[in-house]
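Sharing a structure, written as structure tokens. Questions coming.
Chain naming follows the written order as A, B and C, and within any one chain the residues start at number 1.
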Amino acid sequence: MPGGQARPAISGLMMNLYLTAAVAGLAAGGAYALLGVCAVFTYRLVSVVNFVGAAIGAAGAFAFAMLVEQGLPIGVGALAGVIVGAAVGIGVGAIVTKWFAESPASTKAAVAVALLVGLAAIGLRITGGQHPHDFPELIRGSAFRLAGVEVTNASVATLALAVLFTLAANLFLDRSHTGLQLRALSERPVAAELIGIPVHVLSLWVWGVGGAATALALIIIAPQRAPNFLALSLLVVPALAAALIGFFRNFWVTLVGGVAMGMIEGLASVIPGLGEYRTALPFLVILAVLLWSQRGARWDDAR
Amino acid sequence: MSLKPTAVLLASGLAAATWSGAAFAAGPTCPDGSIKLGAISTITGPADFSEVPKAAKTMYDAVNRAGGVNGCKIDYEIADDKADPQVAAQAARDFIDNKKVVAMTGGASLLECAVNAPTYKRANVMSVHGLGVDPVCFNSPNIAPVNVGPYTLTTAMGLFATNKLKVKNLCAMFIIIGGTQEAYKAAIARWEQLTGQKAKLVDLTVPISGDYTPFVIKARDAGCDAVISNAIEPGVVAWVKTADAQKIGGINWLFLAPGYTVEVAKTLADSKQPIYAGTEWEPYTDRNSPANKDWIAAMNAGKRPLTAFSQGGYLSAEVMLDVIKSIDGPVTRDSINKALASMKPKSYPLAGSPYVFGTADRHAPMQSTKVVKLEKGAWTVETKDWLVVPAK
Amino acid sequence: MMRASLRSAATVAIATLVVGGVAAGVLPGYWIYLATAVLITAVNLLSIGIVEGRTGMISLCQLSFAGVGAWTVGYLNVAGAPGGLPLWILIGGLAAMPFGIAIGLPALRLRGINLAIVTLGFASAFDAILAANTFPGQTQFLQVPRPYGFDSDEGYFLFVLIVFVLIAAALELLAGARLGSSWLAIRHSERAAAAHGVGIPSAKLRAFAISAFIAGVAGGLLAGYLGTLVADNFTMFGSLSLFAVATMAGAQYAEGAIIGGALVTLFPELLRRLNLPQDLGNVLFAVGAVQALSTGETISESLRRVRGRLLRRRATETVVLNRADLPRRRDHGAAPALTVRDLSVCYGAVVALDDVDFDVPAGSVVGLIGPNGAGKSTLIDAVTGFLPSYEGSIELQGKALEGLLAHKRAQLGVRRTWQTNRIAPDLSVGAYLMLASGGLTTAQLRAALAWIGRLDPDQKVAKIDAATRRILDVAGVVAARPALALLDEPAAGQSYDEALRLAARIAEIPAVFGSAVLLVDHDMDLVRAACASVTVLDFGRVIASGPTAKVLELPAVKTAYLGVDETVAA
């Protein structure tokens, strides 16, 4: 039977078509949101625009896939993947902390771009090959049906994880002693060191946690995304765009921005007549949001 | 067109003898002591096609061990282009200007044809590609791949859906990379022309990696009975898993050759979706097929894996060796080109169409596929006979 | 410093042409072919150099601009447009410019980091668009023809060489001009650049537009080089990798661009000859870029440093102050230079300035003193337009400044120096003074430098100490001869004798240059020597105002100031 058993009765209605498409973009949106929140987390605590964030997570996700291929149970493999993500994050963090602690944000961003180039090359080398790796599904099944779209448990889990991470990050930054220390650290690392905050160790913790969270996110979404290492690493583009929407400050706005971008992507797939320019739509939306939201900003901090 | 190889050799030898008016057929000679051949392939970077030229190298090594072609050793070199046009261009110039290769053979790259076809034309070098990927591989006077290629295969899968599966609403959802849009549009148009039908939905904006949910839903809501996709291996898995997650039924998923791997079959063993794939050559998973016998023996002797890629490398080497053997006198760029231009179509067991180079503006000699179906974690051959795309 | 930049432009042009010409005659065909690729990549790297190396912004979509240029050339070729490749390349560059401006527009508002993300997003979107569009003419096997007379490999190499030389020389000229100095100033400190009246948005936008143009030209050159192109020539990852190379090599200099081009082109060659995997290249570029960023020195900067050490500097000529050469005094009339009424500034709950009234009459030097945190710098920020908001009114010569941006105020005649050093270290002393003053003759420049303290115009700012930089900052402001000069602690770090000498100079500013001066300093001797009248701030309020000698004797002033005076003046 054409179209399967569950074609919505009123699919001819444009509104419903768009709603369906938007809901279909939810899975991607959750991933963007989670990665965006991780980017904000790293920026607020160690003031690095983390271009290499998704590549760090990709390292963890591929470690997971390769370990499971070696016969490890999925749960153990996922744990190992998260640990690898944390370890690679700490490795990158060590480079940034050791040599660039006092550098301006633009230098740190340039370092992150350079590291992305290197890490992607190494990652493709290790994980590439004639047969891409198979990503087992950590979370299976679908949670509920909305507008004719099955919302999978994996999408729900990514969204939930994003919300959880947002809550935890907010609480941690605003309420905990360590959080306050870390905020001091991001503002003036040397001054923070002078008043006895273990700057180096705390920064590495931030990188580790960011790496672990990104790795977990990518492990969950990878089975639906036909991943190769480079493609996963370049998820940093929508992630950073989401973070921009939240001004690299506000976790909740970032979360909403990420989800919205996924839904816009979904919508773009059904808008007729855009052709190959469809992929540019999310970019234009981001640009518009940025121009509007930052219309007051003028000076680079302290420059 | 099922002349025995010996008969062809005999015939061409006779022809050569008549032309030259000489009574001796000395066969190919090599003033430099060896015959230099080259391959440019994507080895590092986003894909690894190295198994194609490596299989070809296995063949040449075997020939060399047996004393070479008429005493001439084959000096075969493989260069990596890491899917970088600049590197691919450099490699071609290195082969042509510095290493003075007489021909290219066994190449398999994401973009090498598009980058180097003009260079080959300028230098008058021909290439028997092991695996043509980009559209220029099938649209250049200097390149004739031994594979069917994704574009002809698209038409072939469309014909399979219409004629064998009796599908009414055929949809095409393609990932477009590196200027392949026109070629895929032409392939769909060719199917429409052959069947007199119209595609229900053509979407050429599927991302190479990303969430496929919107596209799967779109196919369902458009009422597609069958969807042709050019997704490559992990993409195939993601498509089917997404369709399963969306609880979609009743759509035939038709993939091209990159979807036809053992790993895909294993990973999708649990899926209830009807999944088909078109092959470039005799289905390589069918180890008992007589057509695969020589290839399997050669690969086992060279300790190379039995993959579709190695079929391509093997076949390109067979073609090139036959062409070299047909030459009478020194093997040079000119003599190879002459031999390729004047060669008679020649059938090989691995392929459904005879291979020919000739003097046309563009070459796509291979026009036949066999379709395999995914059943219980393994690929089974769905079409016992070759499915040939008619010329008109 | 036009002469110096002409000289360096000529040096670049001649050196490249000679080396290239010799190379064309000597190298075998294959190496000529590689050398052409080196130069085309170098052109592309120059385009990154403008944005990154010179202006300090991160652009990650240069290859997308190149793609626009290349595709334009392709379309012109298919359409059979007249003019041939040289003209098409030019049009391709111009076609890339609107894209550069469109992407650059957000840079006017967005902070630098955000621009990096926006450009990355553009590159990613452009990837998909380009991938769908076959290079024009490819299916018909139509190649982009090389220019007549340059169609051999050697010929095309020379053609590319000429284009590279033209662009590199033009950039050297630009670097010596005001725009080039503004870029370096922006890279170092946007605020300081704005304080010189540099319009940050337009300078940034021009950098982006020129950069896109050059990238577009590079794309056109590539089209002629390869004849036909694929989308993979212009991928986002390619842009990222090129950015790493530019960072590593220092692409703002011609030699850096060529070194970078050589790395990109010859490394794959080397790897192939050594039978090593091709992807090692990107790892090396990443390591090199991180290394360059951590030392703060690119390959070309290291080379320049070594060369500077090898070539002994010519002895600095003793500069004698010839007052007749000083920039002519500007008459700003008799209207009060600055009138501040009811000025209040709050940072959250903290009141930094509270109902401040005060004036700087024309032709006077007024001191502004007060303990740390009294609000002196806040007042300067308010007057010069560096605060987001304030209450009250500020008038320059009776003209309200409210609503004007910093660089507009600077152009109207409010100029300032900075407590923290904000002079771009890459500028030469002379280039800085040209930027700050807005144009002087060489004689005027030398005289102004001699007036302030015998500075060598050819020396790099990076080479002079912090105290001297402050003096240079003062020289820049007065050489512009604004209606009002605000000097923020110019004597900090100076020796006692130097401070007194500086005081004498400051005192004569109104007579020599015509500007009224507001001097903020802790050094009481400097204030006494330079200022006729003085205003005292404490906790954001004016506690005293009047003739210097009288005010400094007031008990309230002494209480407010005692202690601070001791520690700072020490």
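We take it that a contact is a pair of C-beta atoms (placed from the backbone, for glycine too) under 8 Å apart; a residue touches a chain by one contact, two chains touch by 3 or more.
It should be emphasised that the depicted structure is a prediction, and the values quoted were computed from it without experimental measurement.
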Open item on the list: Quick check for you: compute each chain's CA centroid and the global CA centroid, then name the chain with the smallest gap between them.
Closed with: A
Open item on the list: Tell me which has more C-beta contacts between its two chains, B-C or A-C.
Closed with: A-C
- [ ] Take the average of all CA coordinates in chain A, do the same for chain B, and state the distance between these two points in whole angstrom.
- [x] 38
TODO: Find the geometric centre of each of chain B and chain C from their Cα atoms only, then give the gap between the two centres in Å, rounded to an integer.
DONE: 54
Task: Centroid spacing, where centroids are CA-atom means, of chain A and chain C in whole angstrom - done: 34
- [ ] Find every residue in chain A that makes contact with two or more other chains and list them.
- [x] 124-125, 230, 275-276, 279
Task: Contacts with two or more other chains, residues of chain B listed in rising order - done: 44-45, 176, 181, 204-205, 207
Open item on the list: At least two partner chains per residue is the criterion; list those residues in chain C.
Closed with: 128, 131-133, 277, 279
TODO: Mind listing the chain C positions that touch chain B in their complex?
DONE: 28-30, 33-34, 37, 128, 131-135, 138-139, 141, 143, 226-233, 238, 264-265, 268-269, 272, 277-279
TODO: Would you pull the chain B residues touching chain A in the complex into a rising list?
DONE: 44-51, 168-169, 176, 181, 203-205, 207-215, 217-218, 220-225, 231-235, 237-239, 241-242, 245-251, 261, 263, 266-267, 307, 309
TODO: Would you pull the chain A residues touching chain C in the complex into a rising list?
DONE: 49, 51, 95, 99-100, 103, 105-107, 109-111, 113-122, 124-125, 230, 234, 237, 240-241, 244, 275-277, 279-280, 282-283, 286-287, 290-291, 294-301, 303
Task: Residue numbers on chain B that touch chain C, as the complex places them - done: 43-45, 79-87, 89-91, 93-94, 97-98, 110-111, 114-115, 117-118, 121, 134-136, 139-140, 176-182, 204-205, 207, 361
Task: Interface residues, chain C side, partner chain A - complex - done: 52, 56-58, 60, 105-106, 109-114, 116-118, 120-122, 124-129, 131-133, 188-191, 236-237, 240-241, 243-244, 247, 277, 279-283, 285-287, 289-290, 293-294, 386, 388, 405
